[in-house]
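Take a look at these structures.
Paired with chain B in one complex and with chain C in the other, chain A is shared by the two complexes that follow.
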Partner chain A sequence: MELNLALGFGLVTASILALGAVGFTLQFGITNIFNLSFGQVMTVGMFAAYLINVQGGQSLWVGVLGGALAGAVVSGFLNKTVFMPFLRRGVSLDGIIIVSLAVGLVLENVMLAFAGPSFKAYNQPRTHSIHVLGMILTVQQLLIIGISVAALVGLHLLLRQTRLGKAMRATAANAGLARTSGIATDRVTMIAWCLSGALCGAAGVTFALNLATFDTTTGSSLLLVVIAAAVFGGVGQPYGAMLGALVIGLATEFAALVSPNLKEVIAFAILVVMLLVRPDGLIPSAATKETMGAR
Partner chain B sequence: MRTRRLLAGAVALLAVVIAGCGSSSSEIGSGALVMASYQPYTGPDAAYGPEGTALCSFAAYEINSGGGVMGHKFQCEAFDSTGDPADALPVANRMLANTTNLIMVYGPTQSAQRAVEPVLNQEKIVHFPDSGDPAYDHQTSPYFIRNGPSDSLAGTAIAAYTANHAGYKHVAIAFTNEEAAQTVVPALKETFAKLGGTFTSEQTLAPGQTSYRTEISHILASHPEAIVTEMDPQTAATFFSEELELNGGELLPTITTSAALDSNWVGGVAKAIGPEQFMQKIVAVASNTPTEGPGYEEYLQALKKAPNNIPERENYAADPYAQLGYDGLVCGALAMLEANSLESEKWAPYVPKVINGEKGAIVVHTFPEGKKAIEAGKTVRWSGAAGLVTLNKYNNSSTPFTGYKWNGKGNGVASLEPTGGEVSSKELEEAGGA
Partner chain C sequence: MRTSPGESPRRDGHLVVEDLSAGYKKTAIIRGVDVAVSKGEVVTVIGPNGAGKSTLLKSVMGLLEPMAGSISLGGEPIGGLPANKVAAKGVGYVPQVRDVFETLSVKENLEMGGYHLRRPEVQERIEEVLLAYPQLKGMLTRSAGKISGGERKMVAIGRVLMTRPSLVILDEPTAGLSPKLAQQMLEQYVARLTAREVAVLLVEQRAREALEISQYAYVLASGEVKLESAAASILDRDDLGQVFLGRTEGAA
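Let's look at the complex of A and B:
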């Protein structure tokens, strides 16, 4: 019984993590930038949804879309005004990590200045619980799982069925070759940033929804686990990130059955073991190349 | 020639810097006296900063409206301790080195305390930590004044309240793994067991998780009569909202510590679970902080009239941390008057005297009242925003505890009223507390 319950709770956690981890890894796969401001962009999404839902009186589900849009706009803006100029000046990717850290701190403190330190909560009706196969899930949690599945299926279709997806995969595999083949890699990169930002914003809103309240530091508190899921799956591999999120989401809930203190211990221990056994993550690079269609 | 001038300039600059570093912060010149709010203004504990600024502004208003001390007015300055010990120490050093007329400090919080406490004592800066760390239960510095309770005493009190006053003998405990929460647990467990209680489930929660549903399921499956807990606002909001989901829309009776009286905790959790369950099911066991009486009324006046731009100042009307902080700073000013000195070595020993009152002391509720009495050659005992407080020989509070619930009067759920269950000093002593 307890295992079934933990499985249900783990699926909700995994759904939130999957949105974030896929967003993180999608942008990394194409730009090679290890973006540590990702957590704060999640918080931007939370606040955008708050403005729409609480200040604007709109449905929370409109807020989720607004959060995704805000994440896309902020990510695109950061790419255009911060990361691209630094890359053009020849700053190393290691240096860009520090820049992204600084950008995150700036974002967090700007939000703190405007929103203040108090906690915010969405206007959401309290929904009843549904018992399925020994799991207890609320309607809201089922919707979170639904949003995650829809977003990831949509991303899969985009990557596999559209010219843009092909261009993104080509840029991820070899940007130079993609450029000489006539692909507008700058444009593709910008779209990747926006897509990543949209997933990041949606992850932020679903995370805040699940937590019940949030403040300006909430997004950054999830960053480490999002990165763990992305690295577990193989950084730059969207499908790996989905699997990574599932494994880490479930592992943390099962660990809580033994002791809540073990939640993060188990998650990161699994990550360390995985990296010892498969340094490239769950999906090895050869398979990735095939998955991403680098041909 | 140019090199010599440069060298001479550098030496002069070095001398100034060294002199600055070496000067004691207790040397006071003309101009306003500075009370520092040394609190986290950024990071996860950023809500403490505005509270520190607010209570300091109320205290400055109270002191200045009574004419200040020895011709000096008081003003507040904010210093961001960040909540991270590694960053807190350099900020404290800068505060001590660069603040002219620094007279006393509100802080540090628990996260910064172990790093900063030695520096404050070495510099002889009177400070009022808003931390319950039991490591300081038997400290001996005269510059350390903790007029709020230690966590070890809080643990004893919450156990005594749960077993003796609320009547629960089988409870689950859920504390976050942070130092500030964990320091309550040993005394709670020891006392509760001594009083015949048992724990059906013990959960140590990692803050900032996406969910606590598995932990809550575990607790609910153990069928406790109540949950005894201390959590940060974010964890509490998530935990209680998930408990509502999993327990058919009802919280179990919940007994928590004074951490829950923080306005940010109240705001966050009430938003997450709604006011009804909050008011019906949650009780906070905290040192007695009445919300009536002349001292409290004076505090409310200062809260309303303090001129600084303080957002949401009404949130601090029933906030024991703000009330105790305000009381501490005003007592500091009265101690300067009693000692007739601004040198901290001289006035620091008078702070416990003002708080406890010496034989024959007149009880005062406002700074002007206290100043007048001292000028008339009398000694005073302060009964301010948090009422009468008693310090022990280690400058730690040994005030009795009361269970508080929220009654929904005034600002949302923020008005507190006693449940009627007071854990007296005698009861604390018998249960093994200080």
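Let's look at the complex of A and C:
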């Protein structure tokens, strides 16, 4: 019985992690930027949903949409005003990691200044629990799984079936060759930033929703587990990230059966073992280190 | 003396590069280079390693911004345009390495070659490419990173043919191929591009084989054109080995 419960929670956690990890990895795959401000962008999503849901009195699901939109806007804005200019100036990818750390701190403190240090909670309608295959889940949790599956199936179709999605994969595989094929890689990259920001915003809101309360630091603590899932799958690989999210999501909830404190321990233990066995993650990336700033 | 006796440097063509200097950061790798290629001919650039051959090709393609000089295609200036704009003007570029999208299927590689075409056109052009490279038919769904070197180069060339380019730039298309396959690549695929009224600008290490399928050639050494001439007259020279290295003083 307890195992079934953990399985249910694991699937919910995996769904949330998958949104974040796929978002993180999508952007990394195209830009090679290990973006540490991603955590705070998730927090931006949480607060955007809070404004819509609590201050605006709208449904929580409008809030999720709003959080995704806010994530997309902030992520695109950061690409245009911070990351692109730094890359153009020839800052190394290692240097950009520090820049992203700084950007994250700025974002977090701006939010702290406006929202204060108190914990926030969404207005959630009281709902009953639903029993599925021995798992007990709330309606919200089922919807979280639904949102995640829908978003990831949508992304899969985008990447495999559409011209834009193929151009994204082409840019991730070989940006120089993409440019000589007539692909406006700057535009494709911008869209990838926004898309990854949207996934990231959605991950933030669903995480906060599942957690019940959040504050300005919630996103950055979630980021560590998101990165673990992304790196587990082979960073830059959307399908690997989905798998990584599933493995780490389930493992953390099963570990919580023993003690909730073990959640992050197990996440990183899995990651360390994975990196020892397969340093490039489950699905190694074919892309090489090539900065997007170069023509 | 840049030309063989009795010849004068050419200044006309579909692609005309004049007095071009280009390089990385502030260092010019090529200086004052003039190159012209007409439609329906193969023009080869040969020369020792580090002569600036790839730099020349990259500048024409818009992957490097020229420091000085001009580049025009069909009379229209293209120097300084970014690579995706140059591609849209009808220039196809096959780099020496990393010449396909390895994580994409063969078919998707071709689709990306026709990125700015309308959807029905893309399908039509894929059929057209498959007519020229029937070997690719059986491997359309395979990952382009997992096919042989020769097949891979066909995908790379097929990809640039999707737009029916007026100029195709090939950077050492036979690198890494066996001598037999290299010969085949040059004679059957590169030479035949000219039948499409395409202008072909070729850089090759296999100088003799390349010259045999070329109408005109440039010898580039230390970033400068040391010699330009009809390909046949370079092939006829006794001091061919020296010429490849850009040492033409004694003969000219």
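Just so it is clear, the second predicted complex is superposed on the first by the 281 of 295 C-alpha atoms of A that agree within 3 Å, B and C clash if a C-alpha of one lies under 4 Å from a C-alpha of the other, contacts with A are read in each partner's own complex, and residues count from 1 in each chain.
The definition used in the following text is that contacts are C-beta pairs under 8 Å (C-beta built on N, C-alpha and C of every residue); 3 or more make two chains touch, one makes a residue touch a chain.
If you're wondering where the values come from, they're calculated on a predicted model, not measured in any experiment.
In the superposition on chain A, contact is made by A:A6 with chain B only, not with chain C. Once chain A of one complex is fitted onto chain A of the other, the partner contacts of A:I33 are absent, as it touches neither chain B nor chain C. When the two complexes are overlaid on their common chain A, residue A:I248 makes contact with neither chain B nor chain C.
Legend: residue contacts after superposition of the two complexes on their common chain; A:N210 is shown touching chain B, with no touch to chain C.
By the touch criterion defined above, A:R126 lies against chain B but remains apart from chain C after alignment on the C-alpha atoms of chain A. Of the two partners chain B and chain C, more chain A residues are in touch with B. In the superposition on chain A, contact is made by A:E264 with chain B only, not with chain C.
When the two complexes are overlaid on their common chain A, residue A:I16 makes contact with chain B while staying clear of chain C. Shared contact residues on chain A (touching chain B in one structure, chain C in the other): none found. Listing the residues of chain C that touch chain A in their complex gives 61-65, 82-84, 86-88, 93, 95, 98-104, 108, 111-113, 115-116, 145, 159-160, 163.
Against chain B, the residues of chain A that register as touching in their complex are 2, 5-6, 9, 12-13, 16-17, 108-109, 112, 116-121, 126, 129, 136, 138, 207, 210-218, 221-222, 225, 249, 252-253, 256-257, 259-261, 263-264. Residues 42-44, 46-47, 49-50, 177, 203-206, 208-215, 217-218, 221, 233-234, 237-238, 240-242, 244-246, 249, 264, 267-269, 271-274, 311-312 of chain B are the ones that touch chain A when the two sit in their complex.
Of all residues in chain A, only 163, 166-167, 169-170, 172-174, 176-185, 286-288, 295 touch chain C in the complex they form.
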